[in-house]
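Lettered A, B, C, D and E in written order, each chain numbered from 1.
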Amino acid sequence: MEDKPITDQLVTSADWEPLVVAFFCNWCTYTAADLAGVSRMGYDHNVRVIRVMCSGRVDPQFVLDAFAHGADGVLIGGCHPGDCHYVEGNYKTLRRYHLLKRVLRDLGIEEGRLRLEWIAASEGEKVAKTINEMVEQVRALGPLRLTRRFKEWDAELASHEAEAQSEEVATHA
Amino acid sequence: MPDKPKVAFYWCASCGGCEESIVDLAEDILEVAQAVDIVFWPVALDFKRKDVEAMPDGSILATMVNGSIRTSEQEEMAHLLRRKSQILIAYGSCAHMGGVPSLANQFSREQILRYVYEEAPTVVNEQKVRPQPRHQYDGTALTLPEFRGLARSLDQVVEVDYYLPGCPPTPKLLKQAVLTLLSGELPPRGTVLAPDVALCDQCPRKETKPTDLQISEFKRPHWTQIDPEKCFLAQGVVCMGPATRSGCEAQCIQGNMPCTGCFGPTSRVRDQGAKILSALASPISAREPEEIEKILSGIPDPVGTFYRYSLAKSLLRAKVTR
Amino acid sequence: MEPPAKYLYYPGCSLKATGVAYEESLLTTLRLLEIPVEELSDWNCCGATAYMSVSEASATLLALRNLALAHQAGTKDVLAPCSACYLTLRKSHELATHYPEAAKDVERFLEQAGLPRPDSVRVRHPLEVLYTDVGIQRLRELTVRRLQGVRMASYYGCQAVRPYGEVDDPHEPVRMDEVLRAVGVETVDYPLKTKCCGGSLTGTIHEVGLRLNYILLKEAQRKGAQAIVTICPLCQFNLDAYQREIRKQTGEPIDMPVLYLTQVIGWALGGGFRELGLHRAISGRKLIEQWFTVKKEAETYV
Amino acid sequence: MSERNGEVRIGVYICHCGVNIAATVDVRAVAEYAATLPGVVVARDYKYMCSDPGQEMIQQDIRDHQLNRVVVAACSPSLHERTFRNAVERAGLNPFFFQMVNIREHDSWVHSDREAATEKAKDLVRAAVMRVYFHKPLERRRVPVNPDVLVVGGGIAGIHAALTVANSGKRVYLVEREPTIGGHMAQFDKTFPTLDCAACILTPKMSAVKEHPNITLWTYSEVVSVDGSVGDYRVVVKRKPRYVREDLCVGCLQCIEACVFKEAKFDDEFNLGLSKRKPIYIPFPQATPKVVVIDPEACIQLRTGKCKKACLEACAERGAIDFEQKETYEEIHVGSIIIATGFQTFDPRRMPQYGYGKYPNVYTTLEVERLVNASGPTGGQVVTRDGRVPESVGIILCVGSRDERTNRWCSRVCCMTSLKLAHLIKEHTGAEVFIFYIDMRAAGKGYEEFYQRVLNEGVHFVRGRVAEITDWAMDPSEEGKLIARVEDTNTGFVRRIPLDMVVLAVGLEPQFDALNVQRLFGIGCSMDGFFLERHPKLAPSPTYTDGIFIAGVCQGPKDIPDSVMQAGYAAAEAIALADTGFFELEPNTAYIIAEECSGCKTCIPLCPYQAITFNEEKKKAFVNEVLCKGCGTCVAACPSGSIKQNLFEDEEIFSEIEGVLAYA
Amino acid sequence: MERQIRYQREANLEWARQFTKQPGGERLLSCIQCGTCSGACPLSIYMDLTPRQVIALVREGFREDALRSKTIWLCASCYACAVECPQKISITDIMYRLKREAIRSNLYPKRFPIPVLAREFCEMVRRRGRNSEFWVVFRMALRSNPFVLFSMARTGWDLWRTGRLSLRKERIRRINDLQFIPAASKEVD
């Protein structure tokens, strides 16, 4: 139906680069990302990190909002179970993550576009590895870019408005 | 009475319940009818579209539109009424957030049409005939509205001034809204005309919710004997109350059914489903993925449960690949 | 772990020639254990160490064809008794499943030959079958004959335990001793159990190969072993076939039976002398005849 | 919110960080781009934003352009967020009208494509500009600091830290798991490179701990729970029963003499099983406190209740022995904690090729420390387990170090320990000593000189990692010996070296229960399992948990002088914290607007600090900001969006998301 | 006198770089030159270079020195080095890679029987799908040193009389399956 050509068009658009939004907890994963930097562990640049104090702060709305604003993938990084700076914020994240994944699946967003990873402050390498894997996976899945899809969906409205206007012009004439 | 303010009612993709709710004003409707001049109400009064088109732009004080927008005709009417009205009110869950009809956004247009005209068990249609937007019959052109790809809330099609939430809105809220409009003291544009606090605030069972709730099982209402006094969540029954605006007078709760979320989220929330998801998942009493999954399996259709009335207005709006 | 319903037997070249006794004793042992086994149809050479020295891609594909045939036959467990076969098959399987780049090439070539990717197949070794799938307890129960007063050195050679260490620990393997002890055989502490026998060096650089074998035999003797037990046809061949030459060169009286594990186990389970290929030994024939001849008084029924 | 805060005027500053950022990110382009963003009044780039001129530039702009928001794109906020907040504050602006963008650690240092890195920097800056728009003025919170300090672990690091803090007049609780303090150092014979006797320099410090009026010493005790946070930690310590009353025992040791076991027959832990002790024992003569202890696993009375209790008789006068003793719990309140829980040595059974546990004449370095010690099990005689004086000894380095299969790190002390033992063994026995090493690491004051000394003593240095130790002789000269098979990489051939004694220089690794300790105190671990410091160079003792410091080998392998230095550093941090009297916290607490809260109680069980309570009168939830630590879990879970978090408001994060994705 | 010096221009750094990118070669750069491989190797005592030295040559790009060494041919693929290496370097796989390259570049010792055996073996497998131990050894001997056949006669007799010497040349049914071999080796190796 109407969505199919959109996807195809996006997939073939040569300028598409995957974009991953990452929410990293301040104590473990953000620090690990700093360590990856200090250790000059190169990784894919198609990631944008947003710092929160704890992965428990990651409201499922943030994930959906990121997708709605054009992210192709979302990565959440928290401390390993048992290591949470706030005792067990990460368990709450884990539980939400499982439910959120089901909602995403039912709403047509592939499993690989959301990932939760435990990365300790010392695991700079794991930051680089996870980001690379995530970007690659998203690249393989192709563009999600809901911003563009929303526009395509609403194209049927815009055309109507144009039609209505032209009709109106005709009537007045 | 030439100077009575003019009001209009219109329905789009809706079940008719909202129209019913206006009648539910009962004797109060006389008071309303006295205060205003109803210039357009297809369900009750015989006015036609051309009558509306003939009105000067902005001549109607307020129009209340219920139902979501699914067809080209509904779209046109929305635009028309927008133009003719000073105030446009989205009336009821469907106009407010897409409502139940927008759950169809999980399917493509083609899937819906195929099912309705070919696959539904009650349909016999061997030629696979489908209604066409334009059809020549006996030398005459017949037209039908276009069926759009998505169901939309009213404000996804035209600008909306106020929202009266609910499936349907209560007579009390309607009356209050009409009085507010007539008073001329208008709230800021975009206001939802119901209290901006979640349902638990008014819930008669509020006391019975423990402060140390851990959820070890989700039960579906029809599979369980529900204690009529106790908080639904404390019984493991999904209740949307914590993530849903109040103002409904907790009618479902009083009928011993959990809140399903028709009033939509508070003004501080962008996505009602995401919020109830977070609130329900966080206190699950499990730490291992398998256990978590097991508990969550008690919610077999999270989208249908969390977004029952709000899928069109959710952040993702629809199933993104249909 | 639930033992598999059936094993697909991959003989490789040796078990059809110099190592024919291994095949005979293995099949006999499995029969006595009532384990269904079937030879892989139209198997080809695993490529061994030689092919890997010439072309990695071809060697891998060569090995994988066998696994693909097994996959087609719907069997999960491929039994590869020869250590070189075991390792080559196991390694190719890893290359095809763990290296995405290589996997792509593999898939392409297999497709050309009309063969599937053998993802579900597992490569197994007879020692694993005896130790893990059958188990020490069951072997003990099924034992009908005990070789009393015979001390043996269990010798793994290299490729069964290295580099993967799945058949047994690569540093201090113990399973063979446990299996032997389960059927009543006494084993000696043999520190060289995973040292190299020289492989094909006996054929290529003869003196080096001989020297390695001499060390192995000598040390087994020193530790008081009367026989060496192996799980690899090349080890068995090297240790068995060159003892005469070693005697001649060193002047030392070495004449020691070199047996397959399956020969010893098969015997304990009640197998016959010839059906276990015991008549095929070159060295220590006298001892073999003495130990493995059914004499009422020497036999203990359990 | 923007309306509340008036017109928003943002200044954006892009740091070059020398070439650290500028080499990969086109900083000028980023600044030019930032200038086009809504609300941005000035945008500049500068070589070093954190320098004084850089900070002054911001302050000048705040004055000249009436800026009320500042964004700095530079390094990680963990380095300079505080610096810039202070700079902004000095110019009269609330410090929380500031947002930092990490374009160094998260951008220029991890990417090489200049164009992509520049685009990323623009996205991140845009997100910060959009975010800072919503910032609001906040007050820093201060919490009072209890001056008392807890030191966990009584090795040389813990002892030194405890003494330093106590000398500054603060109360110190020193908790040690073993019956005595002293740790590993007490087991050493001599210390490198000066060869002074370990006991001679350690025992005076041990007594000083015991005698210090400000130190409460609890040995045979363990921390079992830790609550609270910086300034006010509530700690529960379990004191295990030693079946001897510490206040009554004077250490006369007559009970040991009297014990019904005439022969010592239980492995002596202090001597690593090289000698035996009785069920009632003292770990070593200078143990502190000098109080005996009864091993309940060995004591007949404690096992069966049927002993004639000769020890009780021997101590009849003092009555110090108490078989009824039970474990007790002490609760203390402290403002800060120093963790110095030390290490364990690598168990060489994990490397069977070296035959430890199989060949009796294979030892660890720690065992040889006891062998060469005059008060050790052999009275200082270096003899093998079969009673021979060795003629050849091989010391193998990097056993359980620099090895992907065991521990990857260099344990730092083994080279010097081995040089020391080579010297001592040669001195004691005159044996030929071989040191098998991969690299000789003798960095330290006087260390290289010591290496030279041992070289000149004729010790053989074979550069190569021994492949195996075997007793399998291939030559008559090898009969009865252990043989090391090794490539001598200096000469390039494989050697077989017969030895009477093999010493394995075992590496240092985290204590077996380091993970429990880490979780108990809420600190981090590095990849290797040692505790994680806040910064590897600039904060090697503070942790990410405020008020908790680490010292000694629990942070990473180090020798005695380094342990002592780090312990002193940790003590100085604890003293400084106590003397300041308060600690400033990030104002990132959660709060609830009462009218918005429906009282649904979703948040209440989610808070790990019990900071949210339900007000029964108002039927609403309330956040106690003193208890809240700002994780934001409740905020994410609040179904009606009524809990908010300072510094991490929903609008702030949403605008950041939209900011990084504006071009998507 | 032969001069023992290497000019840096002789080092093929690109080759070394490529080497570390192949499966098994990834960890080559981690080598700390500890010599555990040589110590563990049962054949290092016969080698002209120890395995450690070969690794060092590869790492530094001295391609010919590495390819010409007898070491790589003496490697019996017993994996003792690989399981002992503290840096988890797959030394055996590196030896295989060097052997392949030596054959391709024609740098292997010509009458050295091991590479001859390897090639004979492959040739037979390519043609028939299976190898026959007897014929491979026989052909190898012919090509490297025919006199060795005399010394093998006794062993051959022993095998013959115990029924262990098979003179059959076997052939698999679907020999066409193996057509990928030349293509694969050309394309991928």
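Everything below uses one rule, namely that contacts are C-beta pairs under 8 Å (C-beta built on N, C-alpha and C of every residue); 3 or more make two chains touch, one makes a residue touch a chain.
Bear in mind the structure is a predicted one, so any value in this text is a computation, not a measurement.
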item: Neighbouring chains common to chain D and chain E, by label; value: C
Chain D omitted: connectivity of the other chains: A, B | C, E
item: Two chains joined by the most C-beta pairs in contact, as defined above; value: C-E
item: CA centroid of chain C to CA centroid of chain E, Å; value: 23
item: Inter-centroid spacing, chain E versus chain B (mean Cα positions, whole Å); value: 75
item: Where chain C and chain D are represented by their mean Cα positions, the distance between them in whole Å; value: 50
item: Centre-of-Cα separation between chain C and chain A, whole angstrom; value: 53
item: Junction residues of chain E, two or more chains touched; value: none
item: Junction residues of chain B - those touching two or more other chains; value: 269-270, 275, 278, 282
item: Junction residues of chain A - those touching two or more other chains; value: 59-61, 65, 92, 96
item: Contacting chain pairs - touch in the sense defined above; value: A-B, A-D, B-D, C-D, C-E, D-E
item: Chain C-facing residues of chain E, complex; value: 23, 42-43, 46, 74, 76-80, 82-83, 90, 92, 96-97, 99-100, 103, 113-115, 117-119, 121-122, 125, 129-134, 137, 140, 144, 148, 151, 154-155, 158-159, 162-166, 170, 172-174, 176-185, 187-189
item: Contact footprint of chain A on chain D as seen in their complex; value: 76-78, 102, 104-107, 109-113, 116-117, 119-120, 123-124, 127, 518-519, 522, 524-527, 532, 544-545, 588, 606, 608-609, 629-633, 635-637, 645, 648, 650, 653-654, 656-658, 660-661, 663-664
item: Contact footprint of chain E on chain C as seen in their complex; value: 13-14, 16-21, 42-45, 47-58, 61-62, 65, 95, 99, 101-102, 105, 109, 112-115, 157-159, 162-163, 165, 170-171, 194-196, 198-201, 203-206, 208, 212, 241-242, 244-245, 279-282
item: Complex contacts: residues of chain B adjacent to chain D; value: 196-201, 206, 209-214, 241-243, 246, 265-270, 275-276, 278-279, 282-283
item: List of chain A residues in touch with chain B within their complex; value: 1-3, 7, 59-61, 63-65, 67-68, 81, 91-92, 94-96, 98-100, 102-103, 106-109, 144, 146, 149-150, 153-154, 156-157, 160-161, 164
